[in-house]
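Take a look at the structures below.
The following pair of complexes shares a single chain, chain A, combined with chain B in the former and chain C in the latter.
Moving on, here comes the complex of A and B:
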């Protein structure tokens, strides 16, 4: 904290000289441009705040209309007034965790291969291909899941149906991997060549250089890549709705990944079109939306806290 | 959030263009024939029928344009209450709550029975089971029966498939089959029931998976799945769902299909509904595997 503060102090006077210099030759166009840039910058904060207020306004009546413990009921069946959101919460968590477990190792390995190991011509071929993979519409992946992946999973794993949380997790991983690869590869690419040369000169093997020097140096970018990937997975709706079976059951035990589960996003997507606005069901759906919002907020805050601490530590080490 | 400025600009551009367009087109359309647009939305069970009707009707009356979308009975009725559609399709009757909601806006919804439909219980063609009593079907969907061997089938787990809760077919099946018509019964679908967003999803899964059982409107049953003959109780005969058994009401799981308008229909909507009750439209009903009105 103190370091940041001193840096601000150092920055202070420099800022002032810049602005005084600017004041002498300011033209209206520059002022307009500056204002626009500033508005664009603040708009992010304003939009998030507005969305939060809107969600709160639509979600809060829930707590007047039904008892709070009804929300922690084990059953979700809104047309008969069962509003337990636990099965949906666990469904989302299991599927997202499953997707993360597949996507993070696979994505990072791909990124390391592309950035550090692959020859130049292969890298120039692989990177755009991975990005094309990221551009496939999720509904197309959903069809692929229903027609190809689900029957395959049923036959290979001998589960009663192929429409399971695992099927969803595999497809979500497929969707998160391009994001992870792309961002992580960029981060690895920005690590100065001198770091690698130094490690190699000290006698480290290629693998040791990657694992002990390059990856840690690109840590913040790698973490961002992971977070963006998971962010894409938890918010994805269409694919999970098509392939996870949408059965609102509470996952039990280790085989939870191979059961049909229902996610929060799929629930909102499937039911929002049908509810009368202002009904209990409507408010509960907004409560689910609010829960999703808070979860992704928590994930992002954790990520930036970790990043921030890592950066400060790096600064301390370098100084 | 860098791109929010661009997005805004784009949105403004699109709006302005849209405005220009409609401004240019309006005088033109007044000179030619006046086109009427009818918006028709609701039950996924009815959507193919409604599309076929709209197509035939537009061929006959080129000045009428009818847009048909699905989404589920509940979706259509909600849209009707919000006055965003002219006609709502529903595979169930409006609930009292929905009628009350509509009346709050000052207009009473008007109901039209447009055709009948049988709900077929379907399994994979490889499944040896081909007849069940209503009680057995109810026990399967409520989770009391979990293996095909309990209903004289092979030793395979049962995978239950259902439409989403916004589907009129779902509500109808719950009331008529799972609860066997008993209004006080509070049996629910088993939590392990897969809720699929479309009829196609159910047909696809059943045609691939020999463990699966599901239900669907007669109009959606294909050769890739097998229908189950149903008996009301142990002593009654087992009846397969066909157009004939639905017409003579021997098949126990059949229902009416509805269209709703807000208030008595007038103008183009009236003409369209009159045509639907005529022989041409009812012939289409039969072609699509539904059951025409008498």
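Moving on, here comes the complex of A and C:
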């Protein structure tokens, strides 16, 4: 899917030629259909706006009900009215960072392997396999995480519980990898063959061509791939809720990765079902949702901007 | 030690090959393990019976029906809307600031976390429009979530139809809509279908968006209308693997296997539509 919207950003809409535009006869039926189709087109903008409005509607009362600095408390314990979202931000950050550290190298290397190294038959086999990984529902990954990965991690690392941030990071990496592979592979695929031919003709080895020519030429696509992958990881809910132990705490030091943590997404999913609508807790949960929405907006806008700049540059180079 | 560039190449390729293997092997193991362990639990009774004894025995029929009806309902809303949007973007829209805004909106919709869709569905459909926690609210929420997948794939399919097809149709006196309806859409149909299947696959596997909009923890009967809550396979798997103590492991694996079959079957369907498209394509 991500591959498709990359392409969407890259292609401008195609104009019909002037002659076909004028040749069209106008009758009421056509005008009606055109209007319907146009409304459907604009619906995407409407939905983004609606999502923003409805998150704001339920989130804004928070700031009347509690002091803003209470939100930046280090304690999340809603039953006693402690609404500090710092531990949740911290949990999301650590787990996403861990997932990125695993997913980026593995994802990019797999993309390079599929696009540049693997023989054709293997490529036709690997691409659908990675797609299958992208299609596995997050609860199924979480289920296996509880049953297989967590006990394994507990035994190998000798920690009291296997439900740690690290367990979540590993599974989230699995969810981010398909996005990274497909977007990066797509970017590598669009590097003109002439670049590779020129490098090989100059005597470069296959690896030198990949490392010094193909990858740099595809760097904006590769950057977009990593950003979209990370975006996917921040927003993941069910898997992290099932395997990260859900303890809202901020442990110091590096071993934070091997302790139970809790993310923003998991907090919403776990607690929204039990709060009274209209309560402070309810509004704070919407505030967390709004924060997630803004983060995803920022990630996607940046990714789009990178792609857009790359397209401009490519146009300049080619003209 | 100085490595020759050929040695560097060999080391790099081995490392990349190992990384690719480490990425792909777990997928096969994961899918294989679930089917192997799940196979023991799956029987005709498991599929078509109501859950009994606090879900610890009996079947998962209401969850299967629930997930199927959620996917169907989502399709009924998101396919016309997504297809319309794709037709607009590919056939009508000119390159303007508004069109760019639509594209940006689609990219952003695709990136919004699923749990945020759940909050939005709760705020708009469940509470503001007073649909309550129901199949209707869940389908509407899932529809908006799947919209970007359907729009992007359908638009790509429409754009792949060569411009000359349109020019000929218009040259023969066809109107714009006739051209789209009789020439462009039939040619793009397989690509559109692929997108629809992938979109619904995502809807069928998601849990977070239906958590507060229509999923029932335990409901040992089939939903009677779209304003009823429903059980759903992904949520059911979540419930029985984390919320119910003393749950037989068999039933958990069985449920996971059924859900995975559901999703992978759609994956295979999408892949075969794609290869059918390649064979039948007229350009």
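Here is the rule we go by: the second predicted complex is superposed on the first by the 263 of 319 C-alpha atoms of A that agree within 3 Å, B and C clash if a C-alpha of one lies under 4 Å from a C-alpha of the other, contacts with A are read in each partner's own complex, and residues count from 1 in each chain.
Convention: contacts are C-beta pairs under 8 Å (C-beta built on N, C-alpha and C of every residue); 3 or more make two chains touch, one makes a residue touch a chain.
This is a predicted model, so every value here is computed, not measured.
By the touch criterion defined above, A:162 lies against chain B but remains apart from chain C after alignment on the C-alpha atoms of chain A. When both complexes are overlaid on chain A, the residue A:154 reaches chain B alone and has no touch with chain C.
After overlaying the two complexes on the shared chain, residue contacts for A:255 are found with neither chain B nor chain C. By the touch criterion defined above, A:44 reaches both chain B and chain C. By the touch criterion stated above, A:131 is placed in contact with chain C alone, chain B being left untouched.
Of the two partner chains, chain B and chain C are each touched by A:36. Shared-chain residue A:273: touches chain B and chain C both. In the superposed model, A:174 makes contact with chain C only, not with chain B.
After superposition on the shared chain, chain A has more residues touched by C, the comparison being chain B against chain C. In the superposition on chain A, contact is made by A:247 with chain B only, not with chain C. Touching of chain A by both chain B and chain C, each in its own complex, is seen for residues 36, 39-41, 43-44, 47, 146-147, 242, 273, 277.
Interface residues of chain A, counted against chain C in their complex, comprise 1-2, 4-5, 7-9, 11-17, 20, 23-25, 27, 29-30, 33-34, 36-45, 47-48, 50-51, 54-55, 57-58, 105-107, 109-110, 112-114, 117-118, 126, 128-133, 135-144, 146-148, 174, 177, 181, 205-208, 211, 228, 231, 234-238, 242, 265, 268-269, 272-273, 277, 285-286, 289, 292-293, 296-297, 299-301, 303-304.
Interface of chain B with chain A (complex): residues 1-2, 4-5, 71-72, 74-75, 78, 81-82, 97-98, 101, 156-159, 164-166, 171, 186, 188-189, 191-197, 201, 204-205, 208-209, 211-212. Against chain A, the residues of chain C that register as touching in their complex are 5-6, 8-9, 12-13, 15-17, 19-20, 22-24, 26-28, 30-31, 33-34, 80-85, 87-95, 98-99, 101-120, 122-124, 127-128, 144, 147-149, 151-153, 155-156, 159, 163, 166-167, 170-171, 175-177, 198, 201-202, 204-208, 211-212, 234-235, 237-238, 241-242, 249, 252, 256, 259-260, 263-264, 266-267, 271.
Residues of chain A touching chain B in their complex: 36, 39-41, 43-44, 47, 75, 77-80, 82, 87, 146-147, 150-151, 154, 160-163, 241-242, 245-250, 259-260, 262, 270-271, 273-277.
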